[in-house]
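First, the structure itself, so that you have it in front of you.
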Amino acid sequence: MAGDPERPDFEERVRSSFAKQGLMSTLGATLGTISPGVVEIGILPHAAISQQHGFVHAGAVAAIADSAAGYAALSLMPPGTGVLSTEFKINLLAPARGDRIVARGRVVKEGRTLTLAQTDVFAESDGREKLIALLTATLMTVEGREGVRD
Amino acid sequence: MAGDPERPDFEERVRSSFAKQGLMSTLGATLGTISPGVVEIGILPHAAISQQHGFVHAGAVAAIADSAAGYAALSLMPPGTGVLSTEFKINLLAPARGDRIVARGRVVKEGRTLTLAQTDVFAESDGREKLIALLTATLMTVEGREGVRD
Amino acid sequence: MAGDPERPDFEERVRSSFAKQGLMSTLGATLGTISPGVVEIGILPHAAISQQHGFVHAGAVAAIADSAAGYAALSLMPPGTGVLSTEFKINLLAPARGDRIVARGRVVKEGRTLTLAQTDVFAESDGREKLIALLTATLMTVEGREGVRD
Amino acid sequence: MAGDPERPDFEERVRSSFAKQGLMSTLGATLGTISPGVVEIGILPHAAISQQHGFVHAGAVAAIADSAAGYAALSLMPPGTGVLSTEFKINLLAPARGDRIVARGRVVKEGRTLTLAQTDVFAESDGREKLIALLTATLMTVEGREGVRD
């Protein structure tokens, strides 16, 4: 990959921040493809992340979808800044079950202070993908705040 | 507690369903007060549920807030039905940190098919509470669907 | 256009329903392209639909975006049913001004009861388009309710 | 009314800005009670603001609810600033019909840059009120931007 000349370290930046998210590790989530403005996070359905009917809990789906959106945004942000979600909205279209759940976040509109990103969440079963959730998030670029960086 | 004559088992129903949510156990979440249409869920900040700056991850906040909204709704639903979130929206007002995070869900409007609920999420520090997030959720009453009950 | 064999009258259905929306006429909104699952609505910025700084009011942007999403959904619904919005979310990315505002609604996922649609809203200026808003809506298919049809 | 010593002109500020919103006049909307952080806007159902079944269009409901939230926020903002909606979410709970529709906006959390507000929308019929919609909005305080003030 040629990389983005303005953000040469976007991938390392995302991977290193992701590694600090205790929740992602607790959920068993893993990073997939990373490009400038696009980040993929996957998770395997299992009992430890379930809701009461055995599906993956909407909160776990939202967690990886929010992280995918946030890292898609962070991958485009200036060095030395950090990212925080200010709000998100998720529509849950079908129960989250199958072989694997994958969240694909992408930046819709980059702004100086606020960035809009969307994440499509798919359930993979027998090699086929089905859209199960759609998340829209507003991410804030945070500068010069103690402890909020990358 | 006098209880609701129409839903005598609402508390047992919520507790028994909550116990099946693997994610709640994984996050270390616990049920608090339960009344008809109102459910409280708490969580203690720790590294296993953190985001990259050490705050509780927005996904973990959303997970307990969504469950609190869902169980507030379920506490009013007819016996034999189940509850599913169809969408939710969360505004994150301040970093989730402190001694404890508590989510208080309440039903705003009960409907035959769709119920609207809201959850206020507070951070407790030194005995004081601060509103850190507000979630609005649409819950669907599910009847007669295999495996979707309580 | 070949049309959709299952919904031969989708265009007439949308046009005839749109003509009954008093608000669309009051706002000066007009229908553009209509395909199965995709509907476009446009509006010309003018003082009668402004907010206090002279931009098009977010409520007017939301109105055409919601109608575009709703008609995208209606274009796929079974004959004899009607459509109602149950909720929508809009992110306002830039002030709504320019030569023309155009809302392009499309169905993301069709369901028996609930359909998810999204609308991109663009401002056109000097022949160029800029994304100014993104709306996500849940539409309900209504059957057999007095007065709620098309 | 005693007024807020820090914002002595909040009511005049809101009324004067509201008077500049061409859309409010076009919809026939009127300001009701104004207190610091709380603003009411009403509207009479009529054909010019209807959707296809004769109810008030969700876009008109959203417009007054968004303005009520925005003005609730503006009433608390420092002099010389302006307010813009960055996003809102509305749940439509029942058809908007009756003698009058009234939107009551209130600030949930004031921030330096972003303020969260909520609006309850009621339909009045025969002297009784019914909750028909709930809107949550993020408002941005804008300073020093040409043309964006009050």
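Here are some notes:
Per-chain numbering from 1; labels A, B, C and D assigned in written order.
As a convention for this text, contacts are C-beta pairs under 8 Å (C-beta built on N, C-alpha and C of every residue); 3 or more make two chains touch, one makes a residue touch a chain.
Here the structure is a predicted model, which is why all the values come from computation and not from measurement.
Of the two chain pairs shown, A-D and A-B, the one joined by more C-beta contacts is A-B. Averaged C-alpha coordinates put the centre of chain A at 29 Å from the centre of chain C. A separation of 22 Å divides the Cα centre of chain A from that of chain B. With centres defined as mean CA coordinates, chain D is found 33 Å away from chain A.
Touching of two or more other chains is recorded for residues 86-87, 89, 91, 138 of chain D.
Shown here, the protein chains touch in all possible pairs.
The touching residues of chain C, when paired with chain B in their complex, are 86-87, 89, 113-114, 138. Residues of chain D that touch chain C in their complex: 17-18, 20-27, 46-54, 57-60, 62-64, 66-67, 82, 84-92, 95, 147-150. Interface residues of chain B facing chain D in the complex, by the touch rule stated above, are 89, 91, 93, 108-109, 111, 116, 118, 131, 134, 136, 138.
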